[in-house]
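Please read the structure below before turning to the comments.
Per-chain residue numbering starts at 1, and chain names A, B and C are given in the order in which the chains are listed.
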């Protein structure tokens, strides 16, 4: 997997091996069309979400314009039936999208990797118990559980929504990480670390995880995308935070206020299109990263 | 074999217990007592008919009954098929409301899951070997799988339903009709079914196509494929083996995706006002019908568990390695 | 079947250019001859073996010709080779233990393979069973899945399958690398028996273990860095090698009974040259203790004694 010239350089004492691996990965990543293209789209949306609300003097839910107006110079994505600025709602919705994706995906990644590492490394009873936990959470259909929670407890903020989503999206990660940990655990460098008295967490952190770093990056991207879709579904049913704008909530409002029948396409097409674009770009980035990390796929 | 299924059933039983416990416990975390509030509200309008609800409530939520007894009572009632009475469709028992909606949801889920899996696998396999197909199918599949279920539903409802006027977009059948076994009614059912089905089918299809395409490419590089090629086997044979072998992880993937597809079906029903469990959930939430909500939740969990088990059985039948691994291989 | 290879060149395509893995191999193989093909990793022996039956996606035929029994073997043309594979040229792959489809019973796999090649499985079945019994496997093996067999058993199944149609040329790639010593012996002996019973014509046994191949081969050919170094009868190679590389290779073999406190085990210092842009002249020149200025010119692979070919100025 390592460039032989870099290996030679490292052996000659020029570069520490881990650093050179990252350098090499970065080099190829920036030249991969899928990675660059996908990243560009995602960053463009992020920029939109961050910047746009700063340049307007009204809020996304303010009644500022003529009701149900199609896109125009004043209102780039038209207005809702109440005269709210759809473009501004869209930009604010993007913010929530990124926030929930980052927090929710991040939490799921953290839980999944921890459970997976510990289960794979420790084995025995710990492994059995964690496996049971993983399997139960895996089989439980997350959406309905969250519906029950939300219906009773209510979700008031995006971070809280992200917490719930993260708490249910991790099982597949745990399984995969466990499998990889199991195979890495029996390798010589881990035995060496164990013999030298390193603690378990240190071994996981310094010996095992770096070997899986590429996989972990790709997993986080998938979790991010998954969290975005999940949140959009919850928001659409009406079980998301209602004080902030979100893309799912926009679609919910649009359907509720007969946007379909009134033909107000600028209200319900952009939110879903935005989600599709962001999540799709993330998936494409992932395919590109796979090529970067697995040189065999690179030679096209 | 018994150990394998034993373990699986144990997990499923455990999951069901967890689900039931969640169902019973969560209302307790709410500030105040919404169930009581709901009951009081309803009792104002229907004082007499409230009696069965009150009785149920007392047994599983009641203040004078100790907590553990409440829990056991909940289970006892469950096994007797009593999940309380619906508030929204008072005085229909929850189980009856649910059984009225289940056929619609199943009518959406079963065909869309099976057809999208089968078609996605076939097309994915084809894309793996024809470059031109690969270049069109792959990007399209990525877009489809990134599409939120409800958005595609909205788009289809708007474009094919309203703008083109080809299909109706609300309800399970036309409001002016009565359910009968006539061809006209069946045609009407079908017309209402098509768009939600299509929506579910397309999104799921994208995922399977991508997965299969990647798996086939991987299988074609496997040692057994290289060996067959070295022995001059025709492409046909190698592809057939690769496809068969790639189906196995796709089957596992199906079990993993069940939760996602069910979620997709629920929101799609909401978009189209299709009278299945999804619409039921929405109504339960809007009307604060907690008994109904809990009932639907348990039903869905049960359904998913049964489906998982079915897939486990199929997997064992299809993969000789699991069968033999369990019986203990000979040396 | 007589095999004639003339100036065979096969390169690997990579992003950074062509790796000249096999750079001009010329030799012949007589009918019924077992030739051991030895050399260190990366010397080109696997490339040579593979190219005679199937070029994989990265390999490129750059030049040369191969004749089997007087007929040209169209190794550059994948489709033209297809009918000849299994029937005229066959392979026991390096990965024999994972070469069988894990989800098919062995008998079914063989039947489907034969039928897809237009052969009647029923007609071959008795012979198949006979040969399986010859290598110590019962007919029940046909009803097993690969997972039910041990590594050695799978190896033997592959041996029998690959030779079922009595190919004129068999390529055995690293036949025994993954086996324990006693199984190695059994497999090697089975190979010789196949040749003696005329199940196969000639065999090329690719290995990095000279001591093993010495037991069964008639001749041994040593390769280095994509070029042929020496070819001679097995006895000659082991007792009187002429190429410095072969000599060093043999002397670096551990000997039973010799203690290494008395005599140190030496390897050959240095590394093979990169094949991306290989140096001109003799490729062993940088590590050769006998190198002198003539070595800057590439030595031809010439016959220095009966059936003994060497590519070394000093040996001629």
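Quick notes on this structure:
Keep in mind that, in the parts below, a contact is a pair of C-beta atoms (placed from the backbone, for glycine too) under 8 Å apart; a residue touches a chain by one contact, two chains touch by 3 or more.
Everything quoted here is computed from the prediction, not taken from an experiment.
On a Cα centroid basis, the chain most remote from chain A in this structure is C. Central chain assignment: A. Criterion: smallest distance from chain C-alpha mean to the mean of all protein C-alpha atoms. Chain C has its Cα centroid 55 Å from the Cα centroid of chain B.
Put simply, the C-alpha centre of chain A and that of chain B have 24 angstrom between them. Centre-to-centre spacing of chain A and chain C amounts to 50 Å, using the average Cα coordinate of each chain.
On the chain B side of its complex with chain C, the touching residues are 222-224, 226-234, 236-237, 241, 244-245, 248, 319-321, 324-325, 329-331. Those residues of chain C that touch chain B in the complex are listed here as 53-54, 56, 81-87, 90-91, 93, 95, 98-105, 112-113, 116-117, 144-145, 147-150, 158, 161-162. On chain A, the positions that touch chain B within their shared complex are 132, 135-136, 138-145, 147-149, 151-153, 172, 225, 229, 232-233, 236-239, 248, 251, 254-255, 260-261, 263, 265, 268-269, 271-273, 275-277, 279-280, 282-284, 287.
Contact residues on chain B toward chain A in their complex (touch as defined above): 11-12, 14-15, 18-19, 22-23, 26-27, 29-30, 34, 142-143, 145-152, 154-155, 157-158, 162-163, 169, 256, 258-259, 262-264, 266-267, 270-271, 281-282, 284-285, 290, 293-294, 296-297, 300-301, 304-305, 308.
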